[in-house]
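Heads up, the next two complexes both have chain A, just with different partners, chain B and then chain C.
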Partner chain A sequence: MFYRQSGVYHTRYAADRALWPIPADRWQVLALAALALAAPLLVSSLYLGSYLMPWMIWTAAALSLSLLMGLAGQLHFGFAAVMAMGAYTSVHLVRAGVPFELALLGAGLFAAVIGTVFGAAALRVKGLYLVMATLAMQYLVDWVIVNVPAISGGAQATLRTPQVRFLGLPIQDLTSRYYLALGWTLLVTLFFLNVKRTSFGRALIAIRDKDFAAAVIGVDPFRYKLLAFMTSSFLGGVTGAVLAFCYYRAVTPEQFSFNVSIQLVAMVLVGGLGSAVGGYLGAGFVLIVPIVLTNLIATLGASQWIDISQNMMAHLPLIFYGAMIIGFLLWEPLGLAKIYDNTRKYFLVWPFRHSRS
Partner chain B sequence: MAYFLELLLNGALTGLMYSLVALGFVLIYKSAGVPNLAQGALVMTAAYVVWIFTSYGLPLWLAVLLGAVAMFALGLLVERFLLRRMVGQPVIMVVMLTLGIEILLRGLVPGILGAAPKPLNAGIGLSPVIIGDVFLNRAYIVGGVVALLLIGASLLFFRTRLGTKMRAVSDDHLASWAVGLSVERAIGLSWGIAGIAAVGAGTLWGAVQGVDWTLSALLFPAIAVVILGGVDSIAGVLLGGLLVGILGSVVPGYLDSYVGGSTRDVVTSLIILLTIMIRPYGIFGREDIERI
Partner chain C sequence: MSASENVLQCENVSRWFGGIHALKGVSVSVAQGQIYGLVGPNGSGKTTLVNCITGFYPPQEGRILFEGRQINGMKPYRIAAGGIARTFQNVALFRGMSVLDNILMGRHNFMHPNPLASLFYPWWARREEIQHREKVEEVIDLLQLESVRDEHVDVIPLGLQKRVELARALSAEPRMLVLDEPMAGMNQEEKEYMVRFILDAQESLGLTVLIIEHHMDVITAICDRTLVLNDGMALAEGPPKEAIADPAVVAAYIGRTGDAA
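== the complex of A and B ==
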């Protein structure tokens, strides 16, 4: 009963290659999916709107970035700019009367095109230079958004997202917005899980591990790197649109600043590069831990346990953030996904110490 | 014409001060091959440290000297306890680690010492220097001269015995090891020296724009400087700094009124992008970065 591999004997390749070959894992995934679907009934609207939904959307963003950083091994420090392009495109398309479904698609396509243009410029180089080129892209996109009034509605302006309907259903109240976000995140997750099993995904992994070795066996690095940039930017653009319509319900340039890019990279790294579970864990961890710890310290400060200044309180999230990145890099470079994996493997054979093979 | 000259000269002087920030970056990249994204935060920390010493009533020269000692120690500590553990890891991990240090310092230092901008009086005075029709910022002149001196000093330093050792280490870790040079010590030393360079940059920039967290944003122009000049070249820092400073002053001087401001970041971004597209190793850099 506890030995979860018991009775699992694959006789066909299809069964062996399934996403979750072990029944216990399948049940776990199903249970989690059911919980996510029933969440509007289970948790209060405060938690649904300000914790669960942002967690889902940021997970989709982290997975999009993880496709580029984890699978293809390309650094991207301007992913917030990609999301900003998606968000602004979708808002303007909807305002121009385009149906929401098409606007989402258009957001992804526009982000993919611009993202690929910058990718192409940057792809002749790698490592440090790629970081700098994407950083420059972040600044350029930010500047264009702020300084072109037709896009931002003027500097410091907030552009409210219009009323939309998705497949005939109005996206208005919290529940419908939550389900849209959840649906998109599940879609991205399924894509992410499956892309690793396609020739495309394997080509990306080959390039990540050694690009000239990949070129020798016939994988064109330039083409696949461009495709990786394009896919990742498309997903990021749509995620930006979903973020704007479901969570913020208004777009301002500050929502997609450089700090957000760093936050996204931190999510991917803390969660674990190139891991779907890592996307969920990393996004949740990076979003929630600073809030929880800041609240904890605020409570301690209020009850006179420790003396802490207002100024220090304001800087605490930043400090946790830096400490978190440093800590994970030093002690668990593969991130939360590795911790999860170790735990899972331990319980896979529990109560025994070793597995069969 | 006077307007152009004013922009040109002030830009060149600012550029020299950017070079000073970039100097620390190049020193570390040259010896350890680590792109140090925390250099901006080190500059900020150095400015805070100098400010602490002056706020105890110490004269500026003593505060700078003590600050140099403190930042040298901080550089050594960062290298010994954080960066050395990352040897052999992929570059993304190292970049992220320096970014983590950047974020941590940017939270910790203003968090403890106060986020409000603090004046750092370098005794320079505020009245501009007027040459003909051209108004020059007095602080920039002092900054430019000090930057030139410090960059010259670091060029000379690489001709000393210790500097030669460090050049050898930056050239080839394994070969230096084989002939008995301590690679760890050279890399640690380069972090220490980068800390001292940060004190120079922090004092000058702190005197110009006050001491607060925005000093860490100097990282971005500094990166443009190193990319343009060549990431492993000290002479490149000088020329790159001048170019970035001049372009970042002249172009906004003429364009800002048309497009609504802050074109300086755009110029900096474009310098980075164009350099990477046309000549990724920079003006003086070694031509050994990989291209695919």
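== the complex of A and C ==
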């Protein structure tokens, strides 16, 4: 964030590798975390439940996907299916009497296993072909969920999530659900940041940047791509379960359709590949855009400026996602995170013009 | 010289790509601690030979032995774990990382990368990260890269990038170092620095070095022995000055006296 680096000298490697090596930065992060914790007192329940909580959960989802797409460089266009597996697994486990904590873990593990099986098959191909293979996964999982009544409860069915307790606390009212979502998102964020500063993350980035150079330094590319699929699917599965229990409080197949996969890819690309800040910015941006767009067009429609059908209204956000992805890929491939970084660096050296790197 | 003294032994290595016969039965023996030069005109098979040694593609014929163990047909990451590190003709650094992280990548074989270790960083990964950071700092010190340690690799000049690549290879603690044109595109001063660093590293770490280079002054200055390749075949082998002065070599590089007319 915004700070001055002058006067900060590290004398130990551990301090140099800290997540926020500069004290001012650390305080700002803590302040943000405090604001997030105090949010139920600060904002109305409408904002908490329909803006803040979904933002947190989708951030966790975007970060899970960003681990695979941003760090390891493997495209995945079926991530909603991974989340669906997590959501359905957790609901069925809780219904079978498994404690919620274990059900969350089980959701992650199941998604990781299936995700890895698909990954192992998909990783024999690269680039566009990998996109096709993951798309196939999306449709296969969708089909299985809809057509196996034991999972979905029937094609048009909605499974309500049962009452659960997390570590003894009931997850019932909005505040408790918000805290669970926030806790999971902070954990995913911390994990993401830690991956980037350890050997595991470096190996993933090495494969993304130059796979042959990674191989001659001792990285087994297939093994690490698979590990990336596994880790990302685990996180995606748990996030799907959190989404089902905290936000939707029910699961239906449409919640995890192909559109959602595209929305997730948009979040990662718009936010910035492989960036933790980008996860937050991307998820926030992609969630807020349809709301703003709908309001804007409704206002314009009401004032007789334009005439637009309901059907068109529903599709406008999708059109906008597509335009956004193309726009960012063309002009700012590193997304909102890079725009934020540029702004920050501009002010860091202000009033001088040039910053390093 | 018996096979046991030779760190690297290539026996009748052949490799072809479709109709192109890139290597035709080349044999090389590199003894422990030697700096071995590999020269030849463009397209003579130098890089193909090096790619065979480091496992990019196996030779179709012949054997490659490293410290008495057969390595042809092994995957590159296995060969790397066995103690061979290399650099590339066109710099192959990881462009999304800082100089420091690039060199830390060289420690990959000695670390235990694992998502759970990353999750529990303070208890599980920190000690290892710092332990290897100390090793990497020794290499940074040896190659005088302190000033660019925290820079992104794509913003530093080419000469330094090549040095970072050397640092990455050295931090893997190889017993054999393969350098593919480490001085391509460098000016005289950068070249002299690079030669100094290669000699320093070779001396202080007891390395065996296989080096491809087009600068003949470098080859004659630092190599113990040299193999000249042309058209996939060994043209001459021996101490660099003698190998380069061989009439067949002169002919391959400059053309025969009769051709000029």
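One rule holds for everything that comes next: the second predicted complex is superposed on the first by the 337 of 357 C-alpha atoms of A that agree within 3 Å, B and C clash if a C-alpha of one lies under 4 Å from a C-alpha of the other, contacts with A are read in each partner's own complex, and residues count from 1 in each chain.
The rule is simple: a residue touches a chain if its C-beta (ideal position, glycine included) is under 8 Å from a C-beta of that chain, and two chains touch if they have at least 3 such contacts.
Just so you know, these numbers come straight off a predicted model, no measurement behind them.
Q: Contact-wise, after the overlay, does A:Leu329 reach chain B, chain C, both or neither (first, second, both, neither)?
A: first
Q: Which holds for A:Trp143: it touches chain B only (first), chain C only (second), both, or neither?
A: A:Trp143: touches chain B, not chain C.
Q: Does chain B (first) or chain C (second) touch A:Ile22, or do both, or does neither?
A: neither
Q: Would you sort A:Tyr129 into first (chain B), second (chain C), both or neither based on which partner it touches?
A: Once the two structures are laid over each other on A, A:Tyr129 reaches chain B alone.
Q: In the overlay, work out which of chain B or chain C sits against more residues of chain A.
A: Touching more of chain A: B.
Q: With both complexes overlaid on chain A, does A:His315 touch chain B (first), chain C (second), both or neither?
A: Touch partner of A:His315: chain B, not chain C.
Q: Should A:Thr231 be classified as contacting the first partner (chain B), the second (chain C), both, or neither?
A: In the superposed model, A:Thr231 contacts chain C only, not chain B.
Q: Does chain B (first) or chain C (second) touch A:Ile262, or do both, or does neither?
A: First partner only, chain B.
Q: Check chain A for residues that touch chain B in one structure and chain C in the other, and list them.
A: 212, 215, 221
Q: Can you check the complex and tell me which residues of chain B touch chain A?
A: 35, 82, 85-86, 89, 91-93, 95-97, 99-108, 110-112, 114-115, 220, 223, 227, 231, 259-263, 265-266, 268-270, 272-273, 276-277, 280, 289-292
Q: Per the contact definition, I'd like the list of chain A residues that touch chain B in the complex.
A: 69, 73, 75, 121-129, 131-133, 135-137, 139-140, 143, 146-147, 155, 211-212, 215, 221-222, 225, 262, 265-266, 269, 311-312, 314-326, 329-330, 333
Q: Would you mind writing out the residues of chain C in touch with chain A in their complex?
A: Checking each residue of chain C against chain A gives 54-56, 75-77, 79-81, 85-86, 88, 92-97, 101, 104-109, 111-115, 117-119, 121, 125-126, 128-130, 132-134, 151-152, 155, 168-169, 172.
Q: What does chain A use to touch chain C in their complex?
A: By the definition above, chain A touches chain C via 13-14, 17, 190-191, 194-195, 197-203, 205-206, 208-210, 212-221, 224, 227, 231, 274, 356-357.
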